[in-house]
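Scrolling down, you'll hit the structures one after another.
Common to both upcoming complexes is chain A, partnered first by chain B, then by chain C.
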Partner chain A sequence: MSHHLFLLSPSDTPIYSLTHYSSKPAQSTSYPLASNLPTWSTSAFAGTLTALSGASSVTQSHHVPGGGVKMGGGQDRHVVQMIANASLDNIEDVMRRENAMYLKSVDKFNEWTVSAFVTPGNVKFVLLHDQAKNDEGIRAFFHDVWELYVKTMLNPFHTAHTVIRSAAFDARVRASAKKNL
Partner chain B sequence: MQQPHSRFSVLSNSSLSSADLLSPTGSSRFSLPSAPSINATLGQTRQRPNIYDRNLNKTRSSEVSASAFAFLFSEIVQYTQKRVSGINDLERRLNILGYRVGMRVLELMTWRAESSSKAPKREIRFLPALMSIHTQVWRAVFGRPADAIEKSVENEDEYMIIDNDPLPERHISVPRDMSQLSCSSFTAGIVEAVLDGLGFPARVTAHNTPTQQYPSRTTILIKLEKSVLEREEIVK
Partner chain C sequence: MATPSKQYKAIGEDLWKSRTEKVNAELFALTYGALVVQLIQDYEDYGEVNKQLEKMGYNIGTRLIEDFLARSSVGRCSDFREVGEVVAKVGFKSFLNITPTVTHPPPTSRPTSVQQTSIPTSSFILTLDENPLAEFVELPEEALEGGLWFSNVLCGVLRGALEMVQMQVQAEFLSDVLRGDETTEIRVTLLKYLEEEVPMGDE
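Coming up: the complex of A and B.
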């Protein structure tokens, strides 16, 4: 079971990203890429094709839960990034309507659920995960990341668009992910 | 062989002592984290606590003295004035400096107010956001709420926040030939950053509006972008 976190600046450029593999027991065993490919696929590249064809019907699969092709556990980096990007429209819709910072399950794509957290300064934390029942853990995780982000922001050399490279920040986000996710 | 070596050590000694002179209390007074590089090992030992080890609420009761602020602000204005070509330029630069403060004020202020809550909230409507600038932001930055909020009669996209005795201008007397200058452009920058962060892009400027009773009375004029009004119209 994996989690993907992206921090996005107010202009939607990524300033930090993290992939976290949960040590907690997985709800479903994740299959290797090849076993999820349709029978006609012969090359590893076909996995990407499957993912992309799923992407073109993103609105469809949004309304039909469980619909669409299950692809390689979604482990492909570019697919993950694409899903995160695709969810931004939904996040912006919801954040205009609701005044909560933590937006749970704003978007779904195949087995992925997208949760988000919007800070008052319009920085978005986007988390891709495949757990439906860990709301409390995700909320606590976002809360920790928020505190760490505020501390980063207080550094006078940091601007809203600076990529976060601090090893201390990274270590703390990982520690919180380990605890909560 | 010995000669250059000893000279070198003399040099390095003198440079060390001058560094000591520059920072009499040692390096601990700087709030920089110890600048970790990407390749630094995570488990390395640190001599002093970095920014992530500090408590964000600890400073709630300790405030910066007004004279220290006045001194720093006077240096800011002097520094900026040497590098600009006119009053407009000077105000614009003060506004930019204020913007950098404002975006931090917004994040930190909201964190202090909301982090204890289970479901932290943001402002999504304009008028409550304006009210929170008038009270919370002013209280966080200047220690007291602003004096009034007004809505322009002629233009529906203009709002004003009025401060009868703005803290940054308390020790500033503007020369007569620069009478248009308002150093509260710095404050305007703070307001602009807060509005921007909350999703209400606006052009914010500061203007002197003295009265008999309050000679340094200042109006912070907020001119909202069209998109903000259209959105407010939709969610109404």
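Coming up: the complex of A and C.
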């Protein structure tokens, strides 16, 4: 069971991403996309635009909003990022309707569900996961990530649009993911 | 008679408690952080930023010493060693509520001094285990490579304050946890005692 987390700045630029392989037992679902990601991996958004052009060949009826996301290599990452981007529209819809921070699941694509969390500063946390009903865990995880994010924001060298490169932040997010997801 | 160091600690504690106007630590740290970031953007050279921070600290120090001497009843220090104790236990405590540890390396006489100095060079090292200025800070790559001393204003404050009490010193950072070192250390070296000079133009 794997999860993908993306943090997006108020201007919809990616700040951080994480892929996490949970060790919790999951319902057996068959994945049409064979997930060949290594157990723990993160990508800093330093991919090339050629990957983006390659992604257009994936059959995807959604129009991708939210700006050009540079992607890392790998077929699966493309689709994952496409899904995340495509869900931004849905997130904004739900945001307009509800005032809560934790928007539960905003979108579904094949076996992936997208949950979102919007901070008061309009930073979006997007989590892709499969069907496992883990609402409370996800909520707790989002709150943890939010706290860690706030601490990072207090760093004067950090602006709302800087990519988060801190190893400490990374380690703590992974630990929280392990605990909650 | 209580040992001077315990006395100083008590004086420092009292001064801190009796201070009625305190400022929020987060506000302080964020303000200083914004200042440093702005300086970096303006000067774009980390060496220059260090110098500017030191200069600003110098201006602060020259005024701060008056406040310090007015509030505390600490008399004249007998030697440079005692200066180190007072600075650490009373000075830092009453303004920043931290007590850095003081160490005194053995004094070395400078062989290559221009004029014959009869006083061997004394210095002390302040080891700060916490730094309220750098509360949430993580230095980015360029700052690490450029040699930025984030809290360099403290060196300026020490230099300014001690100059007003007739000591010319040099204060510099030896290590900083923000840079990945084990500890944060400032070395204060006495250059010379300043003689009382008649101001120019007076008769």
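Methods note: the second predicted complex is superposed on the first by the 132 of 181 C-alpha atoms of A that agree within 3 Å, B and C clash if a C-alpha of one lies under 4 Å from a C-alpha of the other, contacts with A are read in each partner's own complex, and residues count from 1 in each chain.
Keep in mind that, in the parts below, a contact is a pair of C-beta atoms (placed from the backbone, for glycine too) under 8 Å apart; a residue touches a chain by one contact, two chains touch by 3 or more.
Every value quoted in this text rests on a predicted model; they were computed, and no experiment measured them.
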Review point. Looking at chain A, does chain C or chain B touch more of its residues?
Key: B
Review point. Just chain B (first), just chain C (second), both, or neither: which does A:12 touch?
Key: neither
Check your understanding: Thinking of the overlay built on chain A, is A:96 touched by chain B (first), by chain C (second), by both, or by neither?
Key -> first
Check your understanding: Where does A:151 make contact in the superposed view: on chain B (first), on chain C (second), on both, or on neither?
Key -> both
Check your understanding: chain A residues touched by both chain B and chain C?
Key -> 151, 154-157, 166, 168
Practice item. Within their complex, state which residues of chain A touch chain C. Key: 151, 154-158, 166, 168
Check your understanding: In the complex formed with chain A, which residues of chain C make contact?
Key -> 26, 29-30, 33-34, 36-37, 135-140, 143
**Study point:** Residue ranges of chain A touching chain B (in the complex, touch as defined)
**Key:** 10, 95-102, 118-122, 139, 143, 146-157, 159-160, 165-172
Review point. Quick one: in the complex, what on chain B touches chain A?
Key: 32-33, 36-38, 40, 42, 50-52, 54, 56, 100, 103-104, 106-108, 110-111, 114-115, 118-124, 196-199, 231, 235
